[in-house]
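Presented sequentially are two complexes of subunit A, the first with subunit B as partner and the second with subunit C.
And now, the complex of A and B:
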């Protein structure tokens, strides 16, 4: 290392020899304090020389610059959204890049007064929770079968599951829309007009199916890693087959189940296509949170600060979930994909 | 149909079906456990897919109670592909032609939608892969505060699409957002970017890159972390520079994971709808899914909408097949 540094330093010392000779006595000292550049170099030139003499430093600098760049680009939009939310309605045109156009947090209260925004968020939560439970139950059974059992047609069935996740929701939408708008007499005791449109079912049934394949793949990976001996032991102890699944395999794969659950919840909560099309948008019709946010585009005036405030309120639950469960998300996304 | 779904796993807590299950072979047991999953998939995916295809072969019935008429074969597809389908939004073609120099004035609406969807998918996936690789390389290092850097990189991926749309809608709103001024200062955008097709396309692109790069980063990171660290030590000892280590070790070994990640992203990008609907609106940036909704809601052409939906599925499966072939080749090359 130090050899190279001397090589690099020498030509420059010769080039601006006049000064270097003037401090001839300092020449040996140059080696000792080699990190210090010669005195007459410009700041940038000196920095460049350091980088050349020590490439690791250049790579480290790039690393820090990249990290800061990524942090700023991912987080800045949220910061700016907060600035818009804090700006009073009258001075919305004054919102700067870094500063609000005034200060008035009343928007965070107004969103609940002008519309029942809490009801929209509740609807979203309910739909996401039901879908998550359904996906985990159904996905556990399927994941167990694909991960641990041998049977004819396994690969064909697995492929069928995979293929469904290739198709766009639009390819399913039209028949489902007809199906859910049809009045089914058998449902009349449960739902007033007998059709599933404007009920949570119309959103969580399609979404459970659409996000089921990912969960099956995640659970399959986790279940297949449980040693056979544990399941056999439970069977010898006298549990049923299903008992062994739900008392031994599922608890032992708790991290996997949590991963699949978190990913399903986030996906359903964030979904747009079915969520925006399967209800008429009224809070009483189980319209999810996205309708609430879009409703602030009022008839006479667009309430920008309320839209921003509502967005912040609606993003908080997922943001907290990500902070708490980031390891699960990372492992889930990667195991789901690697399985492919 | 849907009543069947619920009654199926209704026998769950009963003892006699459980006893019956105990006596069956492993194969029967497997099929029984798979039944709920496949019932759900059948109701929501398989049956609608077939129905969509069947609908697309029927005539549009604009006035009658039933939106589908008699069997017309492939007429809907022919009309779509030759540009003879009368979309009510046909006038959009004019504003599109102004914005997109590469779209002809009289280009059929479907071709515009296919163009927008493919351009969006390809450009966004390329950018997301590049930036995601950068993020993955940062996250692959061990440094103080790595956990928090990772959280902040993941957060955009986890936010609802409507909020992602809202952020960019506000940012490029001429009254309150700074985005329009900034882009005009650069000399790129017009005065109201969200209603111009080119500008809105770029905004949607940037919004998508902002949100989903994290997904690419995580998948690439998984590939990076599966690389044997010993290889780097060997390379270091033999005097390879960090760039050479990246080029000859990291890149080839991470390639399969990279292709899988790109496959997932491309499929997802080709379904783009919500982001467009929440920012610029489907009339300004028509993607294929947008076209389904437009023909359904504003012109009540259910059969045409089905044909567009099925074509979307066909285009996506074309991409999937191409990727799978590439993936197989790259695996063959390594092994």
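And now, the complex of A and C:
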């Protein structure tokens, strides 16, 4: 009985006018309400409603917000470094947020006059290059074995290799420092006093070891995706397994090798902890650029403008490297999983 | 050019035996095809010959030289792979000359040989193309050129035509035969496609579950299969099998029977045997004179007719009640091969005869052939 009464009442409600706006047109009304709120919503609510009805806009907005945030947080410090570097020594307190406290490009020359800063950069560059070559060589062999061969205990061994990269590097410092400060007779033919302290080995050996697992992992995933047939073909044609690795598998994994190489180079070049502790800080002792930058910090005065200029100069080799290798790295980081 | 000898080759993985005690002698200049269903061990056998895997037991000689433990590069072989396996980062010239350059040949010699190989497989003017810019057939020809350029003692070809489309496959088949004639080199060829095996080989080696079943010229494998496996594997469509037992004066199964003298064929009464007869050796009763020695006629019902153009495949049931199985041709079914003008329709009742001269008997227990013709 009551049902019927409702049925009867409905047409009246529509005819009423006030309600009609919302429910006019029956079903489509639902869509309209989502699009055009008839209630007075706040600005944010209205914006949210718009985003819900048009998710593409939301995605684009999020993309811009994230990108701008990322660019500002990474590039602004660099910009500000430039501002500090350009400020003359006397007016360092005048450095603004966006403007330098003067204009003194001479700082970029001064850093090489006060200290042989180029030597520090060269030391770092050399250490990073040796470490990269060593990591790629050892990492390629290990990556080949883990990626392409099946043997008992493979997973356990791989896990063991990866676990070493989870230790904080500081945990290795004391034993390594003691080892490198000792005079090892076996090394005397190579190094005059038989001690690795104050040699490039003291930095690149531990750093290579620390960054090796990551490279092994990257190279392993790449090498495992090269079809077996290609390796077999190379071996039948006349290479050994090693020959097939370096003539066929490595060239075909170029993006992976570039990625592993650049990551290692940057990591070693930027490394702070071992770099600052494994030498006495003099350029002749193979101290890396980090020590060079710290040297502008005197007992009574910190030459912030020179430190800033030195920092910028120190970044350049890596920046150039990344720009050169950029294409390969990007394809290496993204395409590893779907190659052939 | 060289002979290839396998002596007791066995390859065992942790829990499976992929190749079981294989003995085979391949003569100099011979074209031998390993054929068998997938996973039968034919590719593993080929890999042990190539040296890509080492056999668990046994010995391999190539050209009279023991190569069992030599790496692939020192065996004097070359190989064409199923997935073609051209080096994607090298152009055609570099691909073909890869092996020569590794062996430090003089540049002039390399050029001359590459040119020669490219001529044989008709690859003129493509020397600086990259593999990804070429069609499947062209890539296959580059792979063959890479294999022949070193003038190896033996070629190994592991399903080289498997990834080509049907038309190209037939074309490459004749090309390969021509190549074999021109080069006159030992070729070992692996395929699961018996059409390739039948058409190209001097001899075929039928392999199943890692065991060599029969090594013989193609027609011998077809006409005188050594056992049930070879009989069923070689020939398309496959041989018909009738399971039954020997009675005093012949053979009797659930649906059929015919006469023969058990004693002259060395079978005894009560022995369980399988009779095999190829589709083309069964005739309609009215054509019985075409058979060299017809058996008595059987009643059958036409189940399905497949017109192939040049011939008719007719599936018969011995009885209307026979249950057909989706698994394949079962007991009580018979496939026959008729000329396309045979007036026959599905559902017809017909009478057929088998040719006694072409009837095979197999021992069911061992699967071995007893005879390939009935007296």
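Quick note on the criterion: the second predicted complex is superposed on the first by the 251 of 340 C-alpha atoms of A that agree within 3 Å, B and C clash if a C-alpha of one lies under 4 Å from a C-alpha of the other, contacts with A are read in each partner's own complex, and residues count from 1 in each chain.
Keep in mind that, in the parts below, contacts are C-beta pairs under 8 Å (C-beta built on N, C-alpha and C of every residue); 3 or more make two chains touch, one makes a residue touch a chain.
Since the structure is predicted, the reported quantities are computational estimates derived from the model, not experimental observations.
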Subunit C versus subunit B on the shared subunit A, clash or fit after superposition: fit
Which superposed partner A:206 touches (first subunit B, second subunit C, both, neither): first
First, second, both or neither for A:142, with subunit B first and subunit C second: first
Partner chain in contact with A:233 - subunit B first, subunit C second, else both or neither: second
Subunit B versus subunit C as contact partner of A:59, first or second or both or neither: first
Superposed model, subunit A: greater residue contact from subunit B or subunit C: B
Which superposed partner A:251 touches (first subunit B, second subunit C, both, neither): second
Subunit B versus subunit C as contact partner of A:281, first or second or both or neither: neither
Where subunit B and subunit C come nearest after superposition, their Cα distance in Å: 6
Common interface positions of subunit A, toward subunit B and toward subunit C: 240
Contact footprint of subunit C on subunit A as seen in their complex: 227, 229-230, 232-240, 243, 248, 251-252
Subunit A-facing residues of subunit B, complex: 1-3, 5, 9, 18, 21-22, 26-27, 29-31, 33-34, 36-38, 40-41, 43-49, 51-52, 55, 134-135, 137-138, 141, 147, 149-156, 158-163, 166-168, 170-171, 173, 175-178, 210, 214-215, 218-219, 221-222, 241-242, 257, 260-261, 263-264, 267, 270-271, 273-275, 277-278, 288-289, 292-293, 296, 302, 305-306, 308-310, 312-313, 316-317, 320
Subunit A residues within the subunit B interface of the complex: 55, 59, 63, 66-67, 70-71, 73-75, 77-78, 80-81, 84, 92-93, 95-97, 137-139, 141-142, 144-145, 149-152, 154, 157, 160-161, 164-176, 179, 184, 186-187, 196, 201, 205-206, 208-210, 212, 216, 240-242, 266, 269-273, 276-277, 289-290, 293-294, 304, 307-308, 311, 314-315, 318-319, 321-323, 326, 329-330, 333-334, 337-338, 340
Parts of subunit C lying in touch with subunit A, wherever the complex brings them together: 50-52, 71-73, 77-79, 81-89, 98-99, 102-103, 146, 150, 156
